[in-house]
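Just below sit the structures, each encoded as structure tokens.
Both complexes shown next keep subunit A, but they swap its partner, so subunit B is in the first and subunit C is in the second.
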Partner chain A sequence: MKKFFQNIRPLLLLLLLNAIGMLLMYIKGVDTLEDMAILCSAMCLLSIAMYAIITLFSLGDSYLFIIISMLSTVGIIMQSRINQDDGMRQMKLYLVGVAFFFIALFVYKCFHKHFEKFTFFYWGLSMALFAFTAVFGTVRNGAKNWIDLPGLPSIQPSEFIRILFVLSLAAIFTRARSRKKGKYIPYLERKKIKSTRLMFAAGIAFSNALCLFLQREWGIALLFFAIYIAFLYIYGENKLFFAANMVLVIFAAFIGVKFMSHIQVRISAWLDPFNDVDGKGYQIVRSLFAIGEGGFAGTGIGAGSPYLIPVVNSDFIFSAICEEMGVLGGVAILMLYFLLVYRGFKISLSSTNEFNKAVAMGLSVMLGIQTFIIVGGVTKLIPLTGITLPFISFGGSSMITTFIVMGMLQAISSIKGEVTDEIE
Partner chain B sequence: MKLNKRIITVMVTVLALFLVLVGYLTYFTVFRAPEIIKSNHNPRIWEREKKILRGTIYDRAGVVLAESKKDGDNQERVYPYGSIYAHTIGYNNRNYGKTNIESQFNDYLMKTPSVIDVLRKDTAEDEGEEDPLTKGANLSLTLDHSMTQLAAQLMGNDHGSVVALNPVTGEVYCLYSSPTFDPNEAKLTENWDELTERSDSPFFPRATQGLYAPGSTFKVVTAAAGIDEGHENFTFNDKGKTTVGGKPFRNAGGKAYGQIDMSDAIRVSSNVFFTQLSQVIGKDALREKAKDFCVMKKVPFDIPTNAADGVFDDIDNAELGSVAIGQGKLRVSPFNMALVASAIANDGVIMRPYMVEEAFFEDGESVYNATPEALSRATSSRAAAMIKEYMVGCVRGGTGTAAKVPGIDVAGKTGTAENERKGKTHAWFIGFAPADNPQLAICVMKEYSGHGGGSVCAPIAAKLIQNALNSGLITR
Partner chain C sequence: MQAFFSKILTYIFVFIIYIFIYVIIRMIFSDIQMMYRKKTGGLAEAYLKLINLRRDLDFPVDESYEIEDNEVIGRGKNCSIVVPDRFLSLKHSRIFKNSGKFYLEDLGSTNGTYLNGTALGDTAVELLDGDKIRIGRVTFLFVLPGGASKGKSK
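Entry: the complex of A and B
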């Protein structure tokens, strides 16, 4: 029990956030007291229970789940504020997400030694999912990237492919030098990574990116490139190959900007959205109005006009947060992601298993860059590419994927010193 | 460990991106947002406007010039006098945005009293009235409705501007530009396409933003520079034409006036005298004087103004001669020329012009008050007094006799400015009245009229001054 009370403060903060958010919404007449009470107590109880499980059973990093809960709380509050039904559904998704969190946690914790063996299986599964989407997918917002199966909620395969991508890269870079004559070879002793492995890595990265391009998932394609470049930088051991890849990525981007009208539209909407307020620039201009009207302090929850923002419950949820909670609220949310990404890298740094280290690094980069891409996009810092804001955007696939990612990080943080002696 | 070092590098890079986001959001909120949210496309502006009844705009005597009427959930902005205030009050339109006072004073027109103030006051009195919390502040302008109406009538279909103001306080009585347009919602929507395409640019606020060669009216500034530089006794034998810096200059009609001094030169508007005087004054002194008279300055005002700078850069003697008689590259707005007249009228001091006197809530509580303040010391009060006498002479027995008003002395200076259209000179008149106790400075300008300022502008000034006397706006 001592452990439970050691770091209780952030948990209390979380409960306070819950209570204040729900109270504000009740005052503003967005919701009925009963619904709010159920939502609020469910969130609080769940958070306490999860925190207890993680601390009492020594399941590793005790901050991870608290940060996740805070972000999810903000998500549920914002979703309920925009649409009461969406709020309840987000709540249910959160419960499902928590379930996946623990499934991922235990599966990864128990079987992590086997995960590094399936390099090409991950790639094959990704390609299969892409092909399946291309054939049986449904078109939404001009892109064929959803699968609607009868009797099941619709899913967005590209969300899950992200995890497979990190796993395959981690496996290919760490296994390339892990076993030689049945023995682990310490990282520093290895002179050079085999160039065939590098080529395989490049093949995996570019084949994934190509599929995403074809699906018009520019945001996720960008995310994949960022992860790939991070892996190459850390594990590549070959400056020339790194440079060649950078050139190739820039060339691909150049080709995209030059010849793909869809990308050109986004670039021109980014450079001068006010040039075509009712057309190309519509989304970004509406987003900037919302953030601008909020100012530093915000209008207050329930007092803004989030319904004037397009796609407000998913891609543009950050603009609605800035409008009602202010830019200071938005910055606070960014700081939560900052902490989460920092914890992720810390888990990677303290992990002693090379494969786990690489996986934790890849997942942290993914989380950080994804947040940057969408927040930078809706604030017009970078061109807008549709991608979800982790934990807050409405959407089952995104929610479950992110919780699986967190479960894996939690698992890695709880695995201690198992391979230490083998390396040293 | 080398590996961990690299991971740390990647971590710092990713985390730095978050700090970039935070920095950018702060920058955006501080520097960009205030401008962006004013955009006409911001739907929240119109959401708010539905809830608040926009304030009424009155002239100086309480005549309603603009008011909002409720029509269910919507409001309609009504301008009862149609086109004559389009270039001063502007319009407030859902599709086309806001201009002029409707734009510059939007925050006041939409400002409501604080809840506490309303509760504190006795709410029992006017029950059933408009809820004070949902009515924006009203504006009281310094404009004089009868003078503006007369100015519009006198200008008729001619293109040009009329500016009249109190030289002692800076209150603007009349600011009219022709051609103009009807800012009422239905009319604006109906005529928008035609108005935007018309070659005579009815949307262009000529009085405040039109830049024209001021012609001989600028000789007032040259004369002030001459006196302040100690050349008040300068005389010249005017033979009707002269050469300055290799460039020939002629008087209007080539008339020769013989040996004349500054008083004669202003009365008859001698080009020969002033081009020669400019060579004695020099370009630096004339530039400084032009600056003191604010002719090249965007004067701070309640609506946007315009000015052109750079006239005196790389100027040679011939060009200096041209500028001294209001030609060459010199371009000045009618509004600024009215301020030149007001400087002579007010002992050499230009007062900051203003048009919005007060913003006040329905219950009378004032939230904005204009206070007269000096804008610039244009010339010495001695020079102002001397030039005033010369300008009186110009109206008594010179080029400006058409500006005479029975019973009082009017001071004035005419101008006929050549421009890029051959034979289509701009006609100007600047002046003030009564000369011994100036209460009204005026500038009348007709663009591309082809007539002299003394024949087409001075009579308009006379009628406006007469009207102001009759209405009691000015006294003998």
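Entry: the complex of A and C
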């Protein structure tokens, strides 16, 4: 109990922030304020309960969940401000997401020893999901990447495939190492073992990326490549293979730019959005105007006009945040992500199990790169690719996936605790 | 008017996010500092070593604590060496360095500070290598490598 009260200050700040958010909604005038207040209090209670459970039962890192709650609160307030129904749905998604966080935490904590055995099962499952989407999927925004099942909410399988991808790469790269632990292997032989493993890894990465290209999910394809390169950089040990992969990726990107009209449109919109303001450059120009309108301190939540930005509730939410909370608010959000990724790497570094280390590293890289891709995209630092901003963007699949990812990180941090206790 | 209020509230909103970040960073920083304190030992000129077996004590205490210029031992959170034993006062005793020598003094504690079995009075006493300091239920060995020891002075 003492542990809980010792570190209660961030929790109090979180509650205060929720209260101010509700006050802002009241000032703006929302029809369904009562429902919203009830949901908001449920959220606050759930945050307190989760934080208490994590600290009292020593379930690992105590910062992770509180940072997630903070980001979700900001997301919910922005969503409610743009569209009150979306805000309510986002609140419910938070409640569902926390349930998934808990499930992921316990499943991974109990069965983490078995997760490294299913390397090709993960790959097969992701391929099956891609095939399923290709056959039964529905087309939205020019990409066939949604599954609408009767009686179920529509889901985006590519979001869940990200976790499978990290798991399969982690299994491939670490099993080759841990199996030979404690034995001296001659250098030539070791290289031979490694290179077959590396070939498998490359096969998994490129087959996933190819499917994503066929689905026209550029953002997630880019994310996959970034994770793959990070794994190679850390575990590859073979510089020639790394260089060959880089050349291959650059070649693929070159082919894409040369022959795919979709990518050409993105690139030209990135290089000079003002050349075609009403057409290709419309989204990015609107986003830049919004960020410029906000200035340093922002127009105030409820006083800006984020409706003018297209797809503002998912891809361009960061522009809306910059407009209404200013650059100051935008930087605050980025710092929260920075802290989250920092905790992820910290968990990875202090984990004692090779596989868990690799999984934590992959998931943290995924989170960091995802944030970079979308924030860089809407601020015209890199070409824009559609991907969600974790915890803030509107979207059920993305929200639940990120909660599962966080649950796994939490589980890995708590597993570390068990092992060190045994040693002492 | 509405725009004005929402603007003010937004400022407060962003400000609270920054305070939150500050609080979290400070908590993480103190975590790292504690880990660093646990790991090192031997870097400082002098340190305290725990004589009790840790499994006999029902509260967390480290195996060793580094002594720098001025360390306050006690149950309170502000002490530089926190020992959460309920027989300790909030600020129990102090070890400080004066012209190259280490001294131990009692800070008016309820249960007293014992140096090699004798209770400390009002004045500070010089610490030598190998001295045993007992506070509450905990006994520390004062280690000052290369310093004057009991054996040498006798």
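Some notes on this structure:
Keep this in mind: the second predicted complex is superposed on the first by the 394 of 424 C-alpha atoms of A that agree within 3 Å, B and C clash if a C-alpha of one lies under 4 Å from a C-alpha of the other, contacts with A are read in each partner's own complex, and residues count from 1 in each chain.
Rule of thumb we're sticking to: contacts are C-beta pairs under 8 Å (C-beta built on N, C-alpha and C of every residue); 3 or more make two chains touch, one makes a residue touch a chain.
In this text, all values refer to a predicted model and were calculated from it rather than measured experimentally.
After superposition onto subunit A, partners subunit B and subunit C are found to sit side by side with no clash. In the superposition on chain A, A:Ala230 contacts subunit B only, with no contact to subunit C.
Once the two complexes are overlaid on the shared chain, A:Glu324 sits against subunit C while remaining clear of subunit B. By the touch criterion defined above, A:Met70 lies against subunit C but remains apart from subunit B after alignment on the C-alpha atoms of chain A. In the superposition on chain A, A:Phe206 contacts neither subunit B nor subunit C. Across the overlaid complexes, the C-alpha centre of subunit A sees subunit B and subunit C at an angle of 100°, to the nearest 10.
In the overlay built on the shared chain, the residue A:Phe372 is in contact with subunit B alone; subunit C does not reach it. Once chain A of one complex is fitted onto chain A of the other, the partner contacts of A:Phe394 are absent, as it touches neither subunit B nor subunit C. Contacts of A:Gly295 after superposition: subunit B is touched, whereas subunit C is not reached. Superposed on chain A, the gap between subunit B and subunit C at their nearest CA atoms measures out to 9 angstrom in whole units. Common to the subunit B and subunit C interfaces on subunit A are residues 335, 342.
The part of subunit A that touches subunit B in the complex is made up of residues 187-188, 230, 233-234, 274, 277-278, 285-286, 288-289, 291-293, 295-296, 305, 308, 322, 327, 330-331, 334-335, 337-338, 341-342, 345, 348-349, 357, 361, 364-365, 368-369, 371-372, 375-376, 379-381.
The touching residues of subunit C, when paired with subunit A in their complex, are 2-3, 5-14, 16-21, 23-25, 27-28. Contacts from subunit B toward subunit A in the complex involve residues 1-4, 6-11, 14-15, 17-18, 20-22, 24-26, 28-29, 32-34, 36-37, 39, 41-44, 47.
Partner subunit C is touched in their complex by these residues of subunit A: 7, 9-10, 13-14, 16-17, 20-21, 23-24, 27-28, 63, 66-67, 70, 74, 77, 297-303, 324-326, 328-329, 332-333, 335-336, 339, 342-343.
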